[in-house]
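The two complexes that follow have subunit A in common; it is paired with subunit B in the first and with subunit C in the second.
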Partner chain A sequence: MKNSLGRMLPETVAGFGAVKPFAGAFATTPSGVRKAPRQKTVLPKANKLVDNLEEVFRRIPVRDGMTLSFHHHFRNGDGVVNQVLAVAAKLGLRDLTIALSSVFPVHAPMVELMKSGVVTGLDTDYMSGPVAEAVSQGVLAKPVIFRTHGGRARAIECGDLAVDVAFIAAPAADDYGNINGVQGETACGSLGYAFPDAEYAEVVVAVTDNLQPYPLHPISISQERVDYVVVVDKIGDPKGIVSGTTQITKDPVGLKIAANAAKVIQAAGLIRDGFSFQTGAGGASLATAHFVRKMMKAANVTGSFALGGITGYLVSMLEEGLFRNLIDVQGFDLEAIRSIRDNPRHLEVGAGMYASPFNAGCAVNKLDVVILGATEIDTAFNVNVVTGSDGKIMGGSGGHSDAAAGASVTIVVANLLRGRLPIIVDNVLTVTTPGETVDVLVTERGIAVNPLRPELKEKLVTAGLPVRDIAELKALAEKMAGAPKAPPQGEKIVALVEYRDGTIIDVVRQYKACE
Partner chain B sequence: MKNSLGRMLPETVAGFGAVKPFAGAFATTPSGVRKAPRQKTVLPKANKLVDNLEEVFRRIPVRDGMTLSFHHHFRNGDGVVNQVLAVAAKLGLRDLTIALSSVFPVHAPMVELMKSGVVTGLDTDYMSGPVAEAVSQGVLAKPVIFRTHGGRARAIECGDLAVDVAFIAAPAADDYGNINGVQGETACGSLGYAFPDAEYAEVVVAVTDNLQPYPLHPISISQERVDYVVVVDKIGDPKGIVSGTTQITKDPVGLKIAANAAKVIQAAGLIRDGFSFQTGAGGASLATAHFVRKMMKAANVTGSFALGGITGYLVSMLEEGLFRNLIDVQGFDLEAIRSIRDNPRHLEVGAGMYASPFNAGCAVNKLDVVILGATEIDTAFNVNVVTGSDGKIMGGSGGHSDAAAGASVTIVVANLLRGRLPIIVDNVLTVTTPGETVDVLVTERGIAVNPLRPELKEKLVTAGLPVRDIAELKALAEKMAGAPKAPPQGEKIVALVEYRDGTIIDVVRQYKACE
Partner chain C sequence: MERLRSLLFMPGNNPAMLQAGGVFEADAVILDLEDAVAPREKDAARMLVRAALHTVDYGASRTVVRINTLDTFGHEDIRAIVPAGPQVILLPKVESAAAIHDAVAAMKAVERPGQEPVKLIALIETPCGLAEALAIARADKRVIALALGAEDYTASLGAQRTKVGTEIITARNLLVNAAAAAGIDALDTPFTDVNDEAGLTADTQLAKQLGFKGKLCINPRQIDTVHDVFNPSEAEINWARRVLAAIRQAEAEGTGVVALDGKMIDAPIVSRAQRTLALARLQNPQEVEA
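Now for the complex of A and B:
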């Protein structure tokens, strides 16, 4: 079966069921109802504090085949997933599915648990490091489900991702299960990705290293949904939150791309009061923010909000009054954590409010502009951020597809060559984000506008920007580096790439070394 | 059929269905799942602003027989219910059920709509004024459902009270449906009673007179659940929020009762760090807070939280450092509104977190003490706050039964005579709050302790408090005023009194004048 992008999909997948093919970014609409977890009751004087994780497992009880969920706000500093899975292994549990919003190198111990059958399913929005490597090599019998950040919230709220037990790393908690992410030595800022888990899991466990008197304040996740509170030595290392990519690039090529991306925004007429903006934590994305900031100051405009993973750079723009608000689903550095704790204009939101396509309206819908990266983009503007040039998994959508779908203008910034390989191809290996939601590609050698947006192209041409046809840019890159060859691939499907609406936009096949 | 308190109940009620008899305050546990409203989608650039209420009715569309819900934070200053129902009447709608968390004299126009068949059902936690009078007289064919504030949240979350359209009076809103109650000329403070409606109604309408730029901040109710935003001239009059009963009593008898209630708390050993407290807005309740405050200061203790409807008096205790936090589901005066807007220690919570018995733990469960009133109390400590001595409806539980069930020590304060009638009777006309959840009755002539709490009685006796048997106090009152006669009643059931767990604790029969 083919989806609307011509990608070959299996009709059903063992361990997943019937595949709904992607049919267009807004073609699939919801028809069902929200997940309905069991009602509960907790009597006065009942105690939710449990001595240790093992005891929590016994009380619930966690059984073979269950789905355990986790959030990734500690990124590569996460300390909860490994602790919980070590208990699962110790207790002899089998066949668990791990629904972890993103997987990092720190989660390497999961590979052994996959080999031994403790973990047989993985549901995530992004992965890098040893787990990604092992999945690419085919360690799991069942394909991994890749979702978007908004799609994960949708899948949990709509019951497609049914979570049995949510383990929530809680930088601060009280004994009745109120949680926030902003207090204590392991503060991580927003807990937004854990909101759907807390609301819809059948059982919710707060795992904290910072027990506070009742009532905790502020409250990000409420006692109404938390069944157990367990205190551990350490839930994570906040240093691991900060990625090396949260600094503005110093590379002159990257700066040129960023400057041009900012000019695109200006030419589109968006540097105006009420401007809203999302940018990732990549160096070129942040550099774009840098140029946008200069333009906003020069034009004396006040933006409405910046959205997404929040960096110190966006915090400084808030503090300068360039944005009225930050809308924060995840902090990318310690400045973001300080700001969300202290500044009432810095709003914590859940993943559903951030980006779920199936509620009464998410924040990405209100975006003027999003700046995104790409590992590959094709001449139909489809973007791959899941697999690398060797065909191995090295990322995932995260909020990529969500923000692209929501924003009025979606700009991909990328060097024409990635390593020594052209970034523009005829067909990306793995479609993450459909081309119909991508408006502009900015490279150091020119700017390509999606033919679906002729009015935007005209504005950029009028502004004197170096607009080229995407095929022309592709030819230019191939002249420098030759046409890239698609990597060899095995037959086995190791991952399904789900679009935010629950349809399958592509699959990832097992890694196969070049012969 | 009789329930566990011996109250005669019908097995089924037309328009309500099978009656589940009350079986004890904690005897009925949940067995089902939460309400699952329809999934939705809202595309980027979609507009939620609608010109007027009539247009909202057409877009939804509101149909005959639907349940429309409203919150009562404006109390007797509410301006939304009457506006919305006027539109319903104009459009010729019939057979609507109004789920309004409390009904006040300002809602008098509803009586005509009941007579004309526009409104045929009422679901509420409290009512006073012309609607209560008309219901007592039998204006509706179907009985009114009286719930508790926590029980209403439970009923909505569990789907027993299925709301088709929630109209939320929004003191501030943006064009995408984010709402708060703390900004603008009609700020009312906490919007807690509207939280379940917003979360579980099939359609949610924000009705505002203060449209703010996107994104609104703070956000109390999120855009994720709000379908339409409509701007009207005025949503209410904040002056109507303040009731005449939010001042400390000056009556020497009332002060004596209050002083003794405070002594009960002290004798119970609860004036200690971490003390938690709820008191209503009645004069004697507030006077109790006054004496408790003195004791807390003298003992140099810091309480954890005060809960409930929040008054300026509790705000001053927060500001003095006597409580670390206020947990606020409803503001009772302008000081409460100021405080919840400006003080991060003053927490806004929904009705479910406040008091629902069927979630993972509500705030009333963490109460040390609650001070409550009564229109009648019987020798088994059952309390009536629904009907007056003439048998007419003049109130309702509100949070009465919830706080009584949750608190470690529940104290009812009351004059031995109400008007000229003894307050203690053999059997209250209408049981609102079961005696097993009421621990102490404090009157000006003595203190009675529920025989279920011998250890508490011993503490009070040891402290030298004037402890009497409740039968003794009853006899004392009857000696002064004679034994009260139960008022005559009609046959027709005009209201079902639902306990917080969804069982029926009593019924109210039609008013019948004395012959």
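Now for the complex of A and C:
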């Protein structure tokens, strides 16, 4: 069958069930109820501290076929997933599903466990490195489920993603299971992506290398939901968790794109009191914040909040009074960690409040502007951030689709030519974020506005910005670099790309080398 | 009218920059074959720059190529580059009118029939060049501007180059004077600390005050700042409008001598006002008509 974007989908997928086709960004509404884990009791004087991970596996007990969940705030410095999976392998467990909110190169040991049948399912929002490579090559029999950050929260809340055991990497914990992310050597700041896991998993395990006296203060995840506390030598490598500072790019083309993106925001009339903003940590996205900051200062305005992954740059804007609040689901650097620890106006929120489409309102809905990247965008403004130009998995939505859906103005920033490849194509290889939720594409050689937003286009033209038809920009790129051929693909479906509402927006097929 | 507020250097051996050069909206791009390119890479850079002139769209930016000095690779550069049709050749280390004559002769020899004559900007970066600035500026009508290269110049003086630029104040004044005497533009030396935006603003404001009409840039990040300084301010535009209105009124009334705010308006003032409004019109065609 085809979904509303014309993508061919199977009716059912083994290990997933019936496929519900994507029908439009806001076309599917919820009809179910929230899932509830079983009640439990802990008697006075009972001890939650367990000697080691192996003992935790025995007490729970972890069995073949279970779903184990993890959060990704440690990024490429994570040490918990590999330790837990090593125990699973040692105990001879089989057929586990790993629900890890993002997968990084550090998780390479998972590949061997996939080959040996310890891990047969993967549920994630983003992946890069050897695991992504192995999945693209077809290492798993079942397709990986790609969700959005908000969609993952939704799936956990409604039971689509039923978590048996949540292992929470805890930079600080007490012996009764209270956890925060702001103290200790492996401090990572917000623990927002672990909130749904802690709330809905049948069993919750805190894994820490920093045991503090009871009661821990502050508390991000509370003792009410935590069954076991395990102390290990190290839960992660601080160098992989945070960078010292996040730098504005020096790439002149990236800066040009960022300056144009900021001009779009200004021309849309959004540099005003109450302005709300989300942007990424890399390249032109963060540089856009730099130009927006100048405009806010010049106009003497105070924004309401900046949202999402928080960098030191946004912290400095908070401290200068350019934003009243930061809403933080993930911190990227040491400044973000310091700020969320010390500044009450810097709020820690869970993935559900950040971006779940099926609750009584998420924070992305309150955004004026989000700045997003793209590996490809097509002439209908559909964006791919899952697969690269060779067809291999190299990313994932993360919060991309969520923020695009929520924000009043969604701006995609991208080089018209990346390397020697045009960024604009007729049809993206893998739709991640539907074009109806993308308003503007900003490149170094011009700006394209989604035809669904004529009033916005009018404003940008009036402001004298270089607005072009997206097909015109595509032709310009192809004049310079030629039109790239789509990469060949195998038959086997290696991943399902789920939209935030639980429908399937696209599939990823097995990698096939060019002949 | 011409406006060369910003001229952006880009290395002639960097394909990515050559390809992207048109996106930064500098008034001119300078594709550099001289200092940015090591001697053993001169051939490759020359071919790359020639190909770029044939294929890359530099949009509204004028195309300038800085060639090597005529006693090194300059003649080879002219033979390869001029037929590819750059608008301007930037000739480095010019020390005499004879160097201009040599360059023009070499250029004429290789220009294609019907080709728009390629113009020249003389880069003055030695004490000798500065001493000969007026003769250089008047050497040929292809010379459209003198540009100051202060790094080499101060090295020749044995003076330390500073951000404030006290050591080049005379050079700047002499260069502006020579260019003005010849009726061409003076272009200021680059500001070399690309991370110091406030310093760039101050340095450009000083250049504008001294009479420079534009500035060489070594990084795309400098362009907006340089344009902001060289663009006429609202106050300058209003002043220019009032000058021209006073002139029109005087003509209508048939009075000879015209004054504005108690100061006499003479020909140079009128010419400055006209230039200001012409610049403003380039900036914003609608608003300035009044």
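Points to keep in mind about this one:
One rule holds for everything that comes next: the second predicted complex is superposed on the first by the 510 of 515 C-alpha atoms of A that agree within 3 Å, B and C clash if a C-alpha of one lies under 4 Å from a C-alpha of the other, contacts with A are read in each partner's own complex, and residues count from 1 in each chain.
Simple rule for what comes next: contacts are C-beta pairs under 8 Å (C-beta built on N, C-alpha and C of every residue); 3 or more make two chains touch, one makes a residue touch a chain.
On a predicted model such as this, the values are computed, not experimentally measured, just so you know.
Look at A:C158: by the touch rule set out above, it reaches subunit B but stays clear of subunit C.
In the superposed pair of complexes, A:G92 makes contact with neither subunit B nor subunit C. Of the two partner chains, subunit B is the only one touched by A:R324; subunit C is not.
Contacts of A:E444 after superposition: subunit C is touched, whereas subunit B is not reached.
With both structures placed on the common chain, the touch criterion links A:A259 to subunit C but leaves subunit B unconnected. In the superposition on chain A, A:M480 contacts subunit C only, with no contact to subunit B. When the shared chain is aligned, subunit B comes close enough to touch A:F305, but subunit C does not. In the superposed model, A:N365 lies in contact with subunit B only, and not with subunit C.
Shared contact residues on subunit A (touching subunit B in one structure, subunit C in the other): none found. Of all residues in subunit C, only 17, 19-20, 23-24, 219-221, 224 touch subunit A in the complex they form. The touching residues of subunit A, when paired with subunit C in their complex, are 252-253, 255-256, 259, 417, 444-445, 480. Every residue of subunit B that touches subunit A in the complex is listed here, in rising order: 26, 29-46, 48, 157-158, 176-177, 204, 213-215, 217-219, 222-227, 274, 304-305, 324-325, 327, 344-345, 347, 349, 352-353, 356-366, 405-408.
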